[in-house]
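These notes open a run of structures that come right after.
Next, two complexes with chain A in common: one pairs it with chain B, the other with chain C.
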Partner chain A sequence: MGVEGIGAPVARKEDRRFLTGKGRYTDDMTAPGMKYAVFVRSPHAHARIERIDVTEAKTMPGVIDVLDGEQLLADGIGNLICGWMIHSKDGSPMRMGVWRPLADKTVRYVGDAVAVVVADSVAEARDAAEAVIVDYDPLPVVTDPVQALRDGQPQIHSEAPGNLIFDWEIGDAAAVDRAIAGAAHVTELKVLNNRLSPNPMEPRATLGIYDPGDDHYTCYTTSQNPHVARLVMSAFYNVAPENKLRVIAPDVGGGFGSKIYIYPEEIVCLWASKRTGVPVKWTSDRTEAFLTDAHGRDHVSTVQMAFDANHRITALKVDTISNLGAYMSLFSSAVPTYLYATLLSGQYDIPAIHANVRTVYTNTAPVDAYRGAGRPEATYLLERTMETAARELGISPAELRRINFIRSFPHQTPVIMNYDAGDYDASLNAAMAAADVDGFAARRAESERRGMRRGIGMSCYIEACGIAPSAAVGSLGAGVGLWESAEVRVNAVGTIEVMTGSHSHGQGHETTFAQLVADRLGVPIDSINIVHGDTDKVQMGMGTYGSRSGAVGMSAIVKALDKVEAKAKKIAAHIMEADESDIVVEDGALKVAGTDKLVPWSQVALAAYTAHNLPAGMEPGLKEGAFYDPANFTFPAGCYICEVEVDPETGKTTIAQFVAADDFGNIINPMIVEGQVHGGIAQGIGQALLEGVHYDPDSGQLLTASYMDYAMPRADDLPSFKVSTSNTPCPNNPLGIKGCGEAGAIGSPPALINAITDAIGNNALTMPATPEKVWAAVQTGH
Partner chain B sequence: MAKITMTVNGRQVAGTCDDRTLLVHFIRENLGLTGTHVGCDTTQCGTCVILMDGQSVKSCSILAAQAEGSAITTIEGLAQQGELHPVQAAFNAHHGLQCGFCTPGMVMTAVDMIRRHGGNLDEGRVRAELEGNICRCTGYHNIVKAILAAAAAMGGARQAAE
Partner chain C sequence: MYETNYHRASSIDEALKLMGSSAEGKYLSGGMTLIPTMKQRLAAPSDLIDLRHIAEMKGIAVDGRTVTIGAASTHEEVATSDRVKAVCPALCALASHIGDPHVRHMGTVGGSVANNDPAADYPAAILALDAMVVTDRREIKAGDFFTGLFETALSDGEIIIAIRFEAPERASYQKFANPASRYAMTGVFVARRDAGDVRVAVTGAGSNGVFRHAGLESALAGNWSPDAVTNVMVDPSDLLSDLHATAPYRANLIKVMARRAVAAA
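And now, the complex of A and B:
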């Protein structure tokens, strides 16, 4: 691997700018003449707009203009759309309601954008926004997805009668019912997956710049996928054609899914820049982020798991209601379907699975992918059920899992996925050893002597990453292909730039991608720059989400490197008058194998650009591009064990230890991979112990709209983590890597809840397991 | 309008702003020092922490006018002659940052934490001291490691100097 190549824990190249205050985030950007946007947002969860009066607001100091949905509609700006078509089981297409970037006649959740003020300063824009008079006629509200499906509830979109967006199924219902009827034991559980706010520390922001000279738009935005933003804003929102729209996602302060989507604000600021003739910047405050960033999770499920007399799972039946909020966000339909139900086989050989999923409109913020996206919901449901079943069957949770592990690969599940490689015993054994499960009984006894309750819980997760073969996702309804693109440019002096469609917003691509190139070409990583996040600089891209940057993004770089290397070998062979097949790349040079003849990369590069002496017919230059379309998903998997101590007097849970044993396939930079796991676990612990979005059910007001109301994990809520990895390389991509971005958030919530319920002897506990809930559960436990 | 004079990163600066302008906005917009961030509106997240007369302060929690005459150090003023401060170097060595957005506030908080506690820092105290700084990327694991390593390095340097 060398000190900088694949497998080396290289300190990150990008750190210096972040550590010295030189990171460049969207809100740091300015443009000559720039003004500031503040949005007028609905204070009602559901209302008709009777009248908007901007007369006074327009006269306020510093105000350039006040614009509303009527003007936006008149200018032909399109509706926001969901880009993944799902059909109900009766064959009908999903029922997507209209989402205007600025509300037309109806507002459907608190925070729905109604108008925008553009002014000289944020403060003046805010003052004027408060002076905009909107007459609302409030309508009845529904926030709970189960309630929203009942008769007589408020109707949120006329396109979706009964608030039902689609009623979808996967698997063989008849086979599942037969297996349940003939089972030796059936475990039944109701599972709630709490609604979360992603909360990247950088709030969303955008700067729209219209240049009338060229009739051209530039959009700085907090995006995980600037090319997708450009595509969607061009193809669907009619902001500008692609060749007239440059999208730049500079440094982005975390995403976790919430910055995949194109939101109304990007569209409105670009449009407003043309309308007003000045660059327009909007920066979300944290309350706006809570109100309008796409939320995650929010499932209500029932599950039945059938076992034969030997404790082998014979069937799994799941019914899920998924709350998609007031509007269908960009990939919202895919999350509770193909990213969720296809993972319900977990690490287990389950002959029959059936899942029914109903998605529902409510008067709440849109819900879409949040770290893990569907897979945490599947894993929580499955691993809570496994732990519950083990308790009911009276065998150890580890043993029940071992009995049912898949051990032969490839493995075709009954729910589409074809697992390519894995060793689930390896991660289970590693986790149990690291957690010293054998010593748990003594630790529990010691806790009990102090009047405390101690519990241990595990979770064996699988996820599907590296989304995904374009033809496959296309057949399932995706509106886009999910390849990745890369270009490797060897400059004339031998330095290298890699233009990648992946986007780094904390993942460390500028280091890991450079490590890959360094490993292949033998050049120092300081001579390699990774360029990303700008549609004018990077040819094409699909962006970063679903742990795809390694498996898909780096694979595209490999393909481009293959082409660069092939051409360089031809040039080197020509220079050294050797046979091309004898040229090898080693230590930053191209050598004739078995001799001391070599030319350094810099000399080959210079030869390529001077073009004075190239093989006959060869084009000058040394720059190659590639698109990579994955052959399959990748399947990271692992085992997490959590041990807790609960104070029965207060209900407070303390995490005594948290162990993660993951199989990510091959690893480029173990230090960065560990960091990804740490962060994912923290978000999973947050979900299980602290976090939850709450709406008042009567008014639809968001009750958790600040960091004083929404409990983000703080340093003293968390322990240090014990993490390790095992490795079954992914056979379906050139690097053998699987992806590590989401595992922590997927595997940890069930481990924690399994531990707490073990400690208190009461299985009826929902997330977040706040002290109040745990205390109440203790009172009715053993 | 308020007229303000202060020393920022060793340099005398002057400016005029709305009376209601927060110090963080004065630093970011009037002075163009965008390393200090705004991550919330309720003084919870700590991405705006700076040093004011040597003590860590959330620059969103005071008005620019209240900082009149003070000496401010922002993240941009921490490294000297291109040499990273030991806290910055430790964050890099221990992968104590990912997206970088909370990082300036974390680093400034850590500098003040080490100044106050020196060699008396342990994991529990570091975690308690980080109560006012939220990070969504790292799970704090490597931030805690980095601060302890920086404290040890700085303690060692102090000892060597004595």
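And now, the complex of A and C:
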């Protein structure tokens, strides 16, 4: 592997830039004559717009223009769409309501954009935004998804009667009902998955630049997938055709899913730049981020799990109501369906599964993918149920899982997924050893002597990463293909640029992707640059989400490297007058195997570009591209164990230890993988213990609109994590890697809640497990 | 933030004059509350008059058991003052748990007391220590000072110069922090001068801001021990209920924090 190749804990190349404040984010970008946009947003969760009066605002100092939804409509700018078609079980297509980039006639959640002010400074734009008069006629509000489905509730979109977007199912309902009827034991549970705010460190921002000379647009934006942004803005929003629109996502400070989507602000700034003739920048403040970034999760489910007399699971039945908010965000329909219900088999051999999912409009911010996207919801539901079942059946949670583990691969689940490789016993055993489960009883006794309660809980998660293959997702309703593209450009001096359609917003691609090339060619990592995030520089791409950059993005680089290497070998064979099949690439040179004859890599590169002496008929140059479309998802899995101490007098939970044993297949950079796991667990603990978006049910006002009320995990909320990995290589991609970006956030919440409920002897606990909820549960437990 | 004019006062007189001549001036101390409020456009003072460079408002003096803390002293200065620690370590501990290091190096005692946030820590100490709030024109007893949520007895333009109190024999502050803001979800300051003179002040929990709890005080005056708290009734009807904690839970926290404070004092 070498010190810089695959498997080496190379320090991140990008960190010098980030740690010294030299990162270049969207808000750092400027353009000559640039002005600032501030949005006028709805203070109501649901209202009709009676009148918008911009007369006074337009006369205020520094104001260039004030634009509203009517002008946007007149200019032919399209509606925001959800790009994944789901059909209800009766065959009807999902009922998507209209989402205008600037509201037209109706606002549907607090923060809905109504108008935009463009002015010389942000302060002047704010002043003018306050002077825009909007007459609202408030309408009744509903924020709770279960309530929204009841009769007589406020109707949010005329296209979706009763606020139902779709009523979808997967699996064999009859087989499940039969198994439940004949079961030796059925565990039943109601499971809530709390709504979360994504909170990337960098808030969203965009700079729209229209160039009238070329009738061309440039969009700087905080995106995880600039090519997808360009595609959607061109194909659906009528901003500009793709060849007239360049999208650049420079350094991006975290996304967690929330920067996948195309939001109203990008569209409006590009359009406003053309209308006003000046470049227009908008940067979200933190309150706007809480109000308008797509939220995550928000499921209400009931589950029944049936067992035979030997404690083998015979069926799983799930009913889920999923809150999609006021509008359908770009991938919102896929999250509670194909990214959720297809993972309900977990690590277990379950013969029959049925899930019914209803998605619902409410007067809340749109909900879409957030780190894990569907898989945390599936894992939480399943692993809470397993732990509950073990308690009911009176056997150890580890034993119940062992009885039901899948042990032969490939394994076809009843819910589409075909697991290719895994060793669930290995992770379970590693986690139990690291957590010293055998010593728990003594630790519990010691806690109890101090008047504290101690509990332990586990979670065995599986997830599907590397979202793909294109044909498969297409058949399930995806509006796009989910391949990845790469181009490897060897320069004449032998240095290398890799253009990748993946996008790094914290993942460390500039390091890991360079490690791959260094490993392959034996050239120094410093001679390799990773180029991403610009539709003019990078040929094509689908971007980064669903832990796909390694499994899909790097596989595309492998394919391009294959082509580069094949051509380089031909050139080297020609120079050394050797047989092409004898050439090997080693230590930065092309060698004739078994001899001391070699040409350095740089010399082959130079030969390719001088083209003075190439094999007959060969084109000059050394630059190759590839698209990679995988054959399957990848299936990272693992076991997490959490041990907590609860103060029964206050309900405060302290995490005594947290163990993660993951199987990510082959690992490119163990240090970066460990960082991803740490971050993911921190987010999972955040969800389970601290975080939760709350709307006032009567007014629809967001009550958690700042860090005064939205509790993010801090360093002192977290223990030092004990992490380890085992490896069953993924057989479906050339690197044998599975992906690690979301595992921590997926696997950790149930482990924590299982531990707290174990400590307090009361299983009725919802996330986040705030001190008050735990305290109240202690009062009624044991 | 709306436009404003910044002034740095170098004496009390100058500060008062600046305030008198400004349309809608506001005193600025650490700015940890005022500046965020202005950034959110919830406050729009025409002028900011910075008090932190006025000599009379700075410094900490301990004379016997009399402690005088200049209003412009930062939380960090109080937390790390050896002289205060020698006579009233509970106050140093309280200051050391306010916010984060940035906040502690900027925020001041005077700003915190003048602001009277119902979840702030200092008001509990001021009330339980029976402190005197010294202003440019008078001395106000703690019991008369805090008049409601974000309300105090200060009149227009009045400046807090210092806080003065006699160090008690024993004291302790126990705070149960709000998981999001880390302000007090319930904080209890207990101070005992001698048998029979016990004050118990509660912050973060009262629907009208910081308050003394008569039941806890009389129970502890009769029997200074953690167990004395057990049978005291804490009535939730005057307590706050919000997103983070209901009144009955806060009532529980008051007892738990009071018991722990007595044990730690």
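Simple rule for what comes next: the second predicted complex is superposed on the first by the 782 of 782 C-alpha atoms of A that agree within 3 Å, B and C clash if a C-alpha of one lies under 4 Å from a C-alpha of the other, contacts with A are read in each partner's own complex, and residues count from 1 in each chain.
Following the convention adopted for this analysis, a contact is a pair of C-beta atoms (placed from the backbone, for glycine too) under 8 Å apart; a residue touches a chain by one contact, two chains touch by 3 or more.
Everything quoted here is computed from the prediction, not taken from an experiment.
Trainee: Which partner does A:Pro771 contact after superposing on A: first (chain B), second (chain C), both, neither?
Mentor: In the superposed model, A:Pro771 contacts chain C only, not chain B.
Trainee: Have a look at where A:Asp251 lands relative to chain B and chain C in the superposition and call it first, second, both or neither.
Mentor: A:Asp251 contacts chain B only, not chain C.
Trainee: Between chain B and chain C, which one contacts more residues of chain A in the superposed model?
Mentor: Of chain B and chain C, B contacts more residues of chain A.
Trainee: Between chain B (first) and chain C (second), which does A:Ala123 come into contact with in this model arrangement: first, second, both, or neither?
Mentor: Both partners, chain B and chain C.
Trainee: Under the stated touch criterion, which partner chain does A:Ala11 make contact with: chain B (first), chain C (second), both, or neither?
Mentor: first
Trainee: With the two structures laid over each other on chain A, which partner does A:Thr287 touch: chain B (first), chain C (second), both, or neither?
Mentor: A:Thr287 sits against chain B and chain C alike.
Trainee: One more residue to check, A:Gly97. First (chain B), second (chain C), both or neither?
Mentor: After superposing on A, A:Gly97 lies clear of both chain B and chain C.
Trainee: By the touch definition at the top of the document, which applies to A:His694: first (chain B), second (chain C), both, or neither?
Mentor: After superposing on A, A:His694 lies in contact with chain C but is clear of chain B.
Trainee: After lining up the shared chain so the two structures overlap, which partner does A:Met708 touch, if you call chain B first and chain C second: first, second, both or neither?
Mentor: both
Trainee: Common interface residues of chain A with chain B and chain C?
Mentor: 123, 287, 707-708, 712
Trainee: Going by the contact rule set out above, which residues of chain B touch chain A in the complex?
Mentor: On the chain B side, the touching residues are 18, 20, 28, 33-42, 44-45, 47, 74-76, 78-79, 84, 88, 91-93, 95, 97-104, 107, 123-124, 126-128, 130-131, 133-145.
Trainee: Applying the document's contact rule, which stretches of chain A touch chain C when the two form their complex?
Mentor: My answer: residues 123, 126-127, 130, 287, 649-652, 689-690, 694, 703-704, 707-712, 717, 770-772, 775-776.
Trainee: Can you check the complex and tell me which residues of chain A touch chain B?
Mentor: For chain A paired with chain B, touching residues are 11-12, 14-25, 27-28, 121, 123, 199-203, 251-254, 256, 283, 285-287, 505-508, 671-672, 674-675, 678-683, 706-708, 712-716, 718, 720-721, 744.
Trainee: For the complex, which residues does chain C have touching chain A?
Mentor: 1-3, 40-41, 176, 178-181, 183, 243-246, 249, 252-253, 256
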